[in-house]
Structures are given as C-alpha cells and as structure tokens.
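Report on one structure; see the data block that follows.
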C-alpha cells in the first residue's frame, strides 16, 4: 500500500528533493508541523473524496476542494474553486470557476471537471445520487462556466451541495467504473487543494503543503503549517497525554475534564475559556418512537421533555463542556431563525413538577403506587432508552435521563446495545427511546427540519425521522423551506417559525444538549487559535470531515508559529 | 517403591494434623488468606454498611480523599469508596463464578480423561488442546462483542468456559498417576462404579491440589475479567473493579490528577490476586514436605 | 475352576494405539480349588498382567479366561468369588482415609442389610483369622500401620466375602523376612480350606515354599510349567535353570547357569507350543530331541 | 582398620520429637573388607549409610565419631565433608535407578562431575571399568532413560567408584532387581574390590542369603542398634543373637516347602524409635528374654570378630 | 518421534479447522448485519440507493451465495491468503491491514515473551532455596504477576510518560518521523517500544520466576541432585543440572501461557495506542468489522499454533525423554 509503511532509503530521494524541501522530510521540523487528532479512528483506508464518510482525513478540504466554503459566522457561502455562483433564473444556477486553478498534476481545472463530478452522481450508489431527482442537467457552457438546470430548485439543499461536493479531475477519473468510483482507494489523489499526501501509516497520515497552490495568489491565503500530521485517534486519555506532552497541537477529541486543564497552566486553549468552552457542532436529541404507546401521545412526549434534567447532564456528565439545547434544538449559529415568541409560548424546561402535572392532566396516573405512572388503560409503562454500548458519555447521560424521568414518575431503563444492533433497531423502529445526533451544523436549519419531519415513513428509516413522526403539514413546510432562496432570511424565518410551533406542540424529538465542536489546542508551537475573546479568528478549529469547508481550513491559514 | 517408602516414614504424624501444624505457621499462607479475607469481608459487608447506589452522582465531583469520601469522588461526584466496595463484590463474584465453572469443567474433563484413558482420553485431550491453543481472550473478545455481556454472572460464565483447559490437563496428569494406584483397583473390586471411584477415591487424594487449582483459576478469572472490563467488554450493569479502572482511564483520571480514582481498583485486584498466589505457594509448602523451609 | 485358554494380551501404546506391546502370549493353565499355583518369572514377564486380566481389571486381547465356565465379567457378582491382593500394600489403601474403610466398602456393596453389630463381629473374626489384633488396626490410617498389617488387612477383607479364588500378586515383596513368612503361612492355611490361589512372585523360593504347581513365564509366554517339585527339582527349560541358579542360597555357593546349548529358546514370536515332558510337566521347546 | 565408627548417634528431627534411628553404633571395618548390613526394615540401615557420607536436612549428629583411614570424618559439617566425599567415601544409593540426571548424556555428566571435583576423565579407564561390569562403551553416549534398570545400576556403580574411594557404601543396590541381574551386580561389586577400585565396602541389604555370598562380615542391626556382627559364615551357621537366629529361621530356601516344613516369622513388631524403651530393644519379641534384658546389653566380643549385644548370647 | 509430531500436527490441524469454522460463522450467525451497518454509515437516505448498495455489498462479500458455498469459498480464499476486505477500512484488504500491524505486535510479543521467560527462569532459579532472596524479591514477583496488564501499563504511561516525560505514550514511532533506514529512526522505534515492552515484560517476569522457583526446589530435592551432592559435587553444578530439568516444564508452560500473553499484548497495545493487532482488534470490534476481526483472530490462532509448534520442536530437542519414545504419555 502506501509508500509510508515501507521504509525508503534516504539516498534515493535526498538529492532530487533537496532543493524544494527545506528540511529532511524523514523527520519533520516541529515548528513547521501541525499535529492533529480526532478525525480518523484507524489506519487511513482510502483517499477517495466520494467516500466522504471514511476517506483519510484531509482528502476533502485539504487535497480535494469544493466550489464554495461556508462561513458559519457570517452565514454565507464563500467562493472557493468557484469565483461566483448565481441563480440566473429560478431553476438555473451558473457557476463561474476561478481562473488559474491547477490540479496537482499541472492540468487546469475546467468546467468539464465540475460537470463530470456532478454527473458521477448519476450512479445509483453515489451518496449524492438523489440530487438528480431535482437536477435536470449540468453543462459546461465554456471552460470556466457551469450551468445547472433544475427541475425543482431546492435552494437550501443546493447551497449545501455547493460546499460539500469535492470536485474531482475528469482527466484522471474518466472511465472509472461505478465500483471504482465508490470503492476505489484512489491511491494517488490528484486534487486542487493546498496539501498533498506525503505518507501514511497505521496510525497517521502526513500531509505536505503544496507551495504552488492556486489559493496563495487567488485568495491571498496560505495555510501556515508546512506539514500536517493527523494521528489516528487513540483513546481519549492517550490523546490527552499527548496534548500534555505537547506532542499534539490540536485535539478534536472529546476530552472529558479538559475544562480543568484549560483553567490550569498547561498551555491549552479552547474557543471559550469558560463553559461551554467549545462551539456547538450538533444537537443531541432524545428520540421517542412515536409509533408506540405512550410515545404516540404528544402530551406524554411533552411531559417527558419536561422531565429531563439536562442541566445535570451538562454539569455532571460533561463537566460543562456542552451547552443545554434550546427548546427548538436549533444550534446557536441559527439563533436568528428561532422564533422567541413561539418558544416563550410553548417552550419547555426541566420541571419535574410540571412534568408530573402534564402527565396527570393527560390521564397518566400512578394507579398501583409503585412511583411510576401507567398508561391510560392501566397497563404499565416501562420504556427502554438505548444508546450504543461503549459511548461512555452517552451512557452516563442515559442513566441520568432515566434518573430524572423517575422523579417525574416515568419509568425508563437505560440499555446499551451494541452499535450495530442499535442501528438495526433504529432503522426498523424496534425501540422506545434513543439518543441521536446525526445532523451537524450546516448552512440551513432546513437540514434539521428535514431530519425531524421527512416523509414518507418507510419500513426502514436509515438517516432521518427515526421518531417516525407523521405530519404532512410539517413536511410540506419543510419542502417549502427548501425552496426558499437562501438569501431570503425573512422567508426562511417565517417557515421556520411555523415549524417550531409544530415541533414544540408535538415534540416529535426532544432536544437535549449541543455537542461541542471539540477542539482543544496547545499553544506551545502554534498560536492564534480561534477564540471568542479578542481579535482571534472566529472559525472552528476542526479537522473533522466536512468541517474544513466550514472554517477549519481558514483556521489553518490564520495560525502563527509560537516562536515568532 | 523405595522413594515411596522414604516419603512416608511410618512414624510421622497424621497427614492432616501435620498439614494444619504447618499451615498455621506458614507466613505466606496466613498473609495471603488474611488479605483475601479482608477484601472479601469489605466487599461483603461494605455495601451493606455504607448503603446508597454506587453510581449515584454526588455534589462534589473530583474531590480528593477526605473524611466524607474516604477514597474521594469521580468526575461525576460518585463516591469511590462506595464503588470500590461494590466492585470488590463483583470482582469476587467473577472469581467465584469463573473460577468455579472452570474448575468444575476442568475437573470433570481431567478426571474422566485421566481415569478412563483410551479413546475417551484421546478425544478429551484433543478438545483440551484445541481450546488451549485458541487464544481465549481473543475468543472472549469476540463472544463479548457479539453477544454482549449484561451481568457479572454472564461474564464469569464465559471466562469459566474458556479458562479450564490447563486445569483439565493438570488434573488429568494427576488422575493418571493416581488411577494406577492399587487402591483404585481395590475399590473396583469392591464394586464401586467409575463415578464413585473418581469422587470418593481419587478426588480426596488430590484435594489440596484441586484447591490450589481453584485458587489459580479464581485469580485468573479476576484478571481476565478486569481486562475485558477495561477494553469495554465488561458487564453493562453494575460496578466492578475493572469497570472502575475503565471509567477512570476513559475519563482521564490520571491525566487530570485523580489518582484516587485509578489507583485503588488496580491495587485491590493486584492485592487479591497476588495474595491468592502467595497463599497458593504457602499451601504448596504445607502439603508438600519437600517445599517446606526446614 | 479358573481356566486360562490361550490368553494373549497386547498393550497399545501411543496415540490411538499405534504401537503395541505383547505382554502375555498364548498362555493357558488352570487353577483348581484348594490349590496354589505360583507364577514366577523375571520382572516384566507378564505376571501381573495375567493377574489383572483374571480380575477383570485389564481386558483380554485374545483367548479366554473362564471362571466356573463363565467368562470374566468385572462386576459385583464376579468379585464376590474372586478377589485380588496387590503387590504394594501401601498403595492399596487410600492414604486419606482410615484403613478399615476397605471393609465398609465391601459392606456397602455386598452386605448392605447386615446390622452394624453383626458386621463388626464378622470383621473381628476375619481379623483374628489373619492373626491381627482388631484393637491395634481398626480406626487407623494406613501410614500408621506396618506393611505386614496392611497386607493382612487386605487378606481379611477378601475373606469377608466367601471367595473361591485369590489372586495374590507379589504380596510379600515389601515385607521383611519374618513378616513375609507369616503371610505365606496364612495363605497356606486358607488353601487348606479349599481356596484356590494364584500366587504371583519373582522370588522362586517363595513360590517353591507354597505352591502345588508352578508356571514359569518368560517374555509373556510360558517357558515351563508343572508340579512344583518337578519344575524345581528337574528344570527342563534352560531359563528355569538359569533362574534357579541365580537364586542366592544361604548355604551354597553361587554356581553358574548351565550352558543353554541343549534347548531352543522360545523368545517372543514363538508359537508357545508346549511339550509335555512328563505327566503335567510342560516345557516350551521345539521338540523332545532338543531337550 | 580403615573405618572406625564409635558410639554413633544420629537422630531425625520430627514434629513429635527425635527419631533415634542410630542410637550408639560402634563397629570397625578393615581394609579390603566387605561388610554386609542386614536388619528389619526401618532399623536404621540407610541412616547409617547416609550419615557416613551426607546427612540430609532432618538428620542430626547426636554424638559419636567416625574415623576413616586415621582421619576423623566431619560428618556433621556438610562443607568440610565435601573433601572426603567421592574421594574417600562414596555411595551407591538406594535410589540408583533415578540417580542419573535424565537430561544429560552419561559421558557429559561424568566429565562435568569429575571436572567439578578437579579431575579429568580417563576415558580408557572409564571404559575398562564399564566393560568389567558388562557395559558397552556406547552407553556413555546415551541418556539414562535409554538404559535398563540394571544398566543404570551398574553405571552408577562405575561412576561412584571412579575416584577409587576407600569406603564404598552400597545401599540396597539389588533389591529392585530380578535374580539374574542381582547376581550380575553383586559379582561386579566383588570385582571392584578385587581390582582395588574400592578398599572396603558396606553392603546394605535385607537379603541375608545374598549378603552371605558377597560379604566377609555380616552386621545385623535391630532398632538403631547393633545386634550381632561376625564373619559371614559364622552369622549364617552359628548365630548367637536371638534376633539373628529367628531371622534366619524365617528364610525360605529353594527346596523348603510349606508342606514339608512350616517356617515361622518373628511375632510382634519392633519398638518405636521415637521414644525407644530402655534396655534391650528386642526384649518384647525375644523368646528367651529375661529380667536382665531390662538393662541395655553391652556389645561383647564372643570370639575374635564376633560381636553380640545380648545378655543371653 | 514421528508419532509425536504426527499427533501434534493432528491437534494443530483440528484446532485450525475449528478456529476457522468458528471464525467463518461469526459474521454469518451473529446478530447484526455487517452490510447494514456499512450502508448506514454511508448516510444514504434514498431507499433505492440503500437497496442498491446493499445488493452490491452483499455480492461483494459473497453473502448472496448459499451458506455451504460461502464456507467452501472461505477456505479457498484462506489458502490464497485472502481474508476478505475490511469493512471499517474499506476497501483495504484485511491481509494488508493485518500485515501493517503485525510487525509491531511481533516486536512486542516476541522479545517480551522470550526475555521474560529467560530472565524470569534465571531469576527464579537463583532465588530458590536462598532464603533472603526468596523472602524479599520473589514477593515482588507475585505482585507483578498479579497486576492487571493495563493497570501497570497505564501507571507506566502516566509516570514515565506524561509526568517524567521520558517516554512517548502513543504510536509506533514519532509522529514527526517517516520510516527510513537510519539510526535515529531505529532509536525512535525503540523509544516508543520501550514502555509497552516493559509492562508486558514485567507482568510475565514474575510468573516465570515463581514457577521456576517451585520447580527447581523439587529438582534440588530429587534423587539425582542428592546423588551429585553425595559425591561432593559443588552446588553450582547441582543447580545447573536442576535448572536444565526444571526448565523443561517451563517450556511446556510457555506453550500454555502463549494465549494469555497474546491477550496481554493486545491490552497493552491498546493502552499505549501502539499500532499493532491489539488496537486493530479493538477497533474492529468497535466498528463491527467482521472481516477484519476474522482475519486478526485467524492470524493470532495461526501465530499461536506456529509458536506452539516451535515450542514442541524445541522441547523434543532439549528433552531426551521425548525422543526415547515416551511421547505418548505427554502431549
């Protein structure tokens, strides 16, 4: 496999590379190297940008690039490979590519590459295949211009596509079979990005900066680390050890207790220097199976929502590393879409007494005096809450949820099936309650509402609407939201507000807390890490898949060597 | 025959009385058992005396040992001493269940193979060897991973089911030499059946040996269980010393300076198993005149 | 009463019995009531193996052993009539139990209904028969008893049953001269009561002292057999002669074995055909002319 | 006199007290003499043999002296005794069958053993001695496991006598062998004396008849004490101690048959050595015991070389 | 002798057969569908696409064939060294994944097993019947053996790694290094190897020392030792002989312990994030990578079998008794 795993004698490469490489690449200079962890969990498996879920870290974002980036603070697309993108009419989108962008092999990036990339989606097993449900054609009108014609313009989703799909070179990929496109290792990736893969081994990939990257001139940006070593995530405690030993610059792991270290004098920083320390990355939901009794009753779901003491989880389990979610579950970055009036009217908070009252009002009574309420028909309620075995923080949280539900009179037993089994139960609807955080921060709350309300409910629900909540009106609203132009914030807000009303009235899923954008960095070698305070960058310091486009890359360009 | 005569001088005191004489004077045996017993008592009465749920969150997380929390608290404010005494319980439970099951299987296989001999022996021997060669922890990992382990009892069961081969081999060898002793034939001529001979003639002759086997299996089970717990394949319910270790390590206890979370469970396992080993050597000395320090 | 007919025993050794060792080869003889037959021969000649086959402790490979016309069937009934005593008295007792447990085992199997008092009486009688003082031996552990005492306990045990045949395998090898002779005398008395005894030994003088008939084994097959006085007085087989010559005698000097030029040896693999030299006196030779 | 043992007392330490396995033995052994040592099982024969060369951890030298070739043997001092072992005193142990290290070829073992005593192996000499006991020289290149019991026994004999000790102790070397091998081994021992490999020898056995064949003198022990010591023929033909007589009487010989002559054993059993009764230790079993036997009988020399410890002798 | 090996080979063959069969059964009979989890991870929402992917992966892994056919194919593939494709590290072949990890594991196991065995035995032999050592240093041995592997490992990592900063706590070599043939790199490898090795070594050491001590006491009391002592041989020679005999059971003990030692190595690797098979197994379990799990498991079984076989050969070479045909009694 990769050249990294077999030692190469230095003699063969020293003379030829001597001119460009400032240091012996066999031993990376510490002050030019960024060590990161928290992205990949094992040996790098492939460099295939189509496999967004398991390609080696940096494959997308550092080696391959997308047409746009998304600025989560400003909430807008940043042109990247594209110089601009505009809706020429309601169903036509035109992208002008940036001139002078070159592939790593020297070939120029052209509109045909973009067309090729999107047409790959016609293959059924390609993740963005369903784009072609509403995309009619992609054409290169000239070398720099791509025209997308839609049968139905899903503006919100389209923006998401624009910054998530890596563009691949047609001249390299042409003729690859479906199998190869989907499953190929793509051993020597040719991308447009600022880095190339230098070596890989069991527990790492090493990326080297391309000094001829187009963005240096075109964007006036340069990622500062000459080398990036991304270490396959060992366990939390090992990552923490490495961080303390200053062998690691950025850990994107969940490091419980790191708050203590940030407060102490260890040279560690996080985005905030007080709770919640991290930016928020996604929402953890408590998902009730609404096809089962009593979760099919909105009143019960609302009582359940009031019974969960999220604060206790935030403090006890996470040591304040996360933030309690707002009743809408929308991430803080989407705060503008939260209709405070709706929340004020029908929002909820932890209140055991209220939960009890809600239950009583809805007819759930503790008839047999065991401390737990029964169904209206008198049958016992005994719910199980499943989270994957081994996910310690969630396991602890599940225990905590069970405990606080108990005080409201709802009997919940935490259960920790194996992840695989959980996935199967989840997709078949064979569960009572579960915790899920599948959806990440994105350009639009649309993705969250799609997650909540998507219809139809199938026999197998693989990615969304695990609650199997059926509300035609809500789903119609979601689709409507999709078709609101992304610059029409007011239009979005209006629909969002209606959706929030439905959500809070019916509680198909119960927001719990916001998982953090785990990022703890050491200032021993690199400084100017993103932080809330002062003039520090406001981007997310993450190397996670799909997050380099959300500000991760920009963070790299703003780092400064600590020595200087 | 000559050796036999020398080993059994006619005028020596009764075997049992002599064993007792040396037992109460054997420092190793006494120390070993004292430690194990102390731990056992702590595990048995500790939870009763202290009361409260071991996993209950407390109000003072991460506090060092104090009068209120003898061994301090975890990240979640759980009282470590309380977890510790509960953990001792399950640790002993795993030892007893795992060691017990392994001992029973090992004895049955060992006795039957050793006594029956012939094809039965060959087949059992083959089985033993097969299980012996298969790396058991790997198997346990797999079984655990797929079936999931709910309780200490199930964990003990699995450990017991994979840990017996060496014991079977050792017992088989002993039985093999005992079954050629003529009292076995004499029992046969008195109309005793196989099972009776094994249980009434052969087993009593190696009772000390069987006991030692059990001790070793007991200690082994505890160690294996703690490894499994540590990798995250432990029981999902309850507390055990291994789970405490796992939690401590997963929540970076050492890095955060919460040594009181990490040290006691490991030290207790070491103490129990180590004490068992020491006691085992002591026993060996008691029952085996050659090992006695004269 | 007891009849061995062309008995052969092969031990299989190694995994799944790859190799085999022939311990006993085509041996035939019989024992009648009130007769002591002594089985002599060097170590490893198969004496114990024959005894164990008779006792049903080892299966027979070929040939047959019958007792009162019935084949050997290890089990309760069989052992009611035939009992054995092994060569090592110390290992015949389970060291962790009291020695008199051998009696209660008999009771459990054969006389469960006999009341305790009567049983105690029977034991006492039996012990007195072997000239043991019950008070001295009962309730003691094996290691608290002497070899001779243990040996006699075993005989007493056998006597509790109404046995017809006793297989006594080198029962005196562990005893010193004086105890030894006591045991031998006891056997002789039992014989007088009609008991058949197969007396296994490698000590010729003991065999000679007790037995009516003698079977000389060599390498698993019979070298010579016949009335004791004929076998000892007129040994025909050179091996017998060699054995006799090697026995140290108190008042005679050792003499060398007569050169074995006259007779063809039957070592392993022979047919074991026996030639009857005189009535009842058989010798394994190729033919009369050679002897 | 090459060996002079006087008032030797060796006790075993046990939980219950001291077992007086040797309780005041005195005897002498002259150059070239073979002493046969007989006696009931447990009377202290092996104890005597062991105490002359190496006492084990439980043995205690409670008194008495041993003088060999004019030098006193420091039998209680394990370290000092080392100089005498093998060179002056040597032993063929009772356990000869298992006395050879199972994982060393014999040649190597002999070489290493001799080297550790500061001597080199004289291969020719070694092989000639082996052939004298009927061992082919190939045996040296085998492992002990590959030898039969008799061969091992003879090999041990050869090894033990390699340094020509002046005293050889042979402890029941023949009891585990069948008659023909027994004879060969006994003959070899005699040969060793003839060839001068050993000067004198103590031959421990329970087989009176066999001793008679090779020993010059026979010493009969009873319960840790000397009972009678006399030239072999005298012991066999004209024993004076009642124990010796009864012992001889109970010996069946080829030709003696129960039907013809009923032999009798000695009634009773020997006294416990833990706390032996005062006086003659054979008293309880002695048919001719009298009141004087309550006193310890002194060893008296009845005739030249014929010592008896009995009031009635 | 030939019988001895024939018998051993039979056992090995049987073990291998059982192991392979059990192994084959794992992904097929255990709850949870590996393909389902693969599909789930790809986050494909559309039912048709899901179905297409499922069909595709099922045929890729051969799950669409009848069971017996799968079983036969499995054996066929096995003999060509093909353990299938890793699910977790898709589409890397399992063989490649394993082969990348194996050097690290071997580098840990072989030296720690052999060294702890040699040193432990020497040490135990030395301590036996020497009162002072026996009462001071050996108890330390008991404590060491009784330690859970990971506990010692974590303590070492923390004290010598994080606190004292003497050793790195993760990785097979520095993250700043690229493999090359230089002394610096070799030293770096050793530096990373030292702590995991030490923790394995220490735990195993005590066990061997104790075993040897007990064994040699028996040997020192044996007849041949007594005979040598009676002939005035110096204690050194007697001990040397006793050692050789006592070592033989320890060799068999090594075979018995191998499985345990491998297990210990796995746990230790996990603690030190050492990129060997142990970390791999843990990840394979966590990610439900059946094929990788199968592969590693088979590899371990094979490794243990080979090691056992070597031990058997060594045993025959050093113990004359096996050669003299007593083989049947042992095994």
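Chains here go by letter, A, B, C, D and E, matching the order in which they are written, and residues are numbered from 1 within each.
Please note the rule applied: contacts are C-beta pairs under 8 Å (C-beta built on N, C-alpha and C of every residue); 3 or more make two chains touch, one makes a residue touch a chain.
A quick map from chain label to UniProt name: B, E = ABC transporter permease; C, D = ABC transporter ATP-binding protein.
A quick note: this is a predicted structure, and the numbers were derived from the prediction, not measured.
J.: By raw count of C-beta pairs in contact, what's the busiest chain pair here?
T.: Per-pair contact counts point to A-E as the maximum.
J.: Greatest Cα-centroid separation from subunit C: which chain?
T.: A
J.: Rounded to the nearest whole Å, what is the centre-to-centre distance of subunit A and subunit E, using the mean of the C-alpha atoms as each centre?
T.: The computed centroid separation for subunit A versus subunit E comes out at 39 Å.
J.: Using mean C-alpha positions as chain centres, tell me how far subunit D is from subunit E in Å, no decimals.
T.: Once rounded, the distance between the two centres reads 55 Å.
J.: What whole-number Å value describes the gap between the mean CA coordinates of subunit A and subunit D?
T.: 93
J.: Counting in whole Å, what is the centre-to-centre distance of subunit B and subunit D, each centre being its mean C-alpha position?
T.: Taking the mean C-alpha position of each chain, the two centres sit 50 Å apart.
J.: Which residues does subunit B have that touch at least 2 chains other than itself?
T.: Expected reply: 1, 3, 5, 10, 12, 145-146, 249, 254-255.
J.: Two-or-more-chain contact residues of subunit D, please, as numbers and ranges.
T.: Expected reply: 41, 95, 98.
J.: What are the residues of subunit E that contact at least two other chains?
T.: In subunit E, residues 10, 31-32, 154, 158, 162, 223, 270-271, 331 touch at least two other chains, as defined above.
J.: In the complex of these two chains, what residues of subunit E are touching subunit D?
T.: 222-224, 226-234, 236-237, 241, 244-245, 248, 318-321, 324, 326
J.: Under the touch definition given earlier, write down the residues of subunit B that touch subunit A in their complex.
T.: That would be residues 55, 57, 61-62, 75-77, 145-146, 148, 232, 236, 247, 249-252, 254-256 of subunit B.
J.: Contact residues on subunit D for subunit C in the complex?
T.: Where subunit D meets subunit C, its residues are 40-41, 177-180, 182-183, 186, 206-210, 212-213, 236-237, 246-248, 250-258, 262-266, 269.
J.: Under the stated contact criterion, what part of subunit B meets subunit E in this complex?
T.: 3, 125-126, 129-130, 132-139, 141-142, 145-147, 166, 169, 219, 223-224, 226-227, 230-231, 233, 242, 245, 249, 254-255, 262, 266, 269-278, 281, 284, 290-291, 293
J.: Show which residues of subunit A lie in contact with subunit E when the two form their complex.
T.: 1, 4-10, 25-30, 33, 35, 41-43, 45-46, 51, 53-54, 124-125, 127, 129-130, 182-185, 198-199, 201-204, 206, 229, 231-232, 234-235, 237-238, 241-242, 244-245, 247, 390, 418-421, 423-424, 427, 438, 454, 458, 460, 462-464
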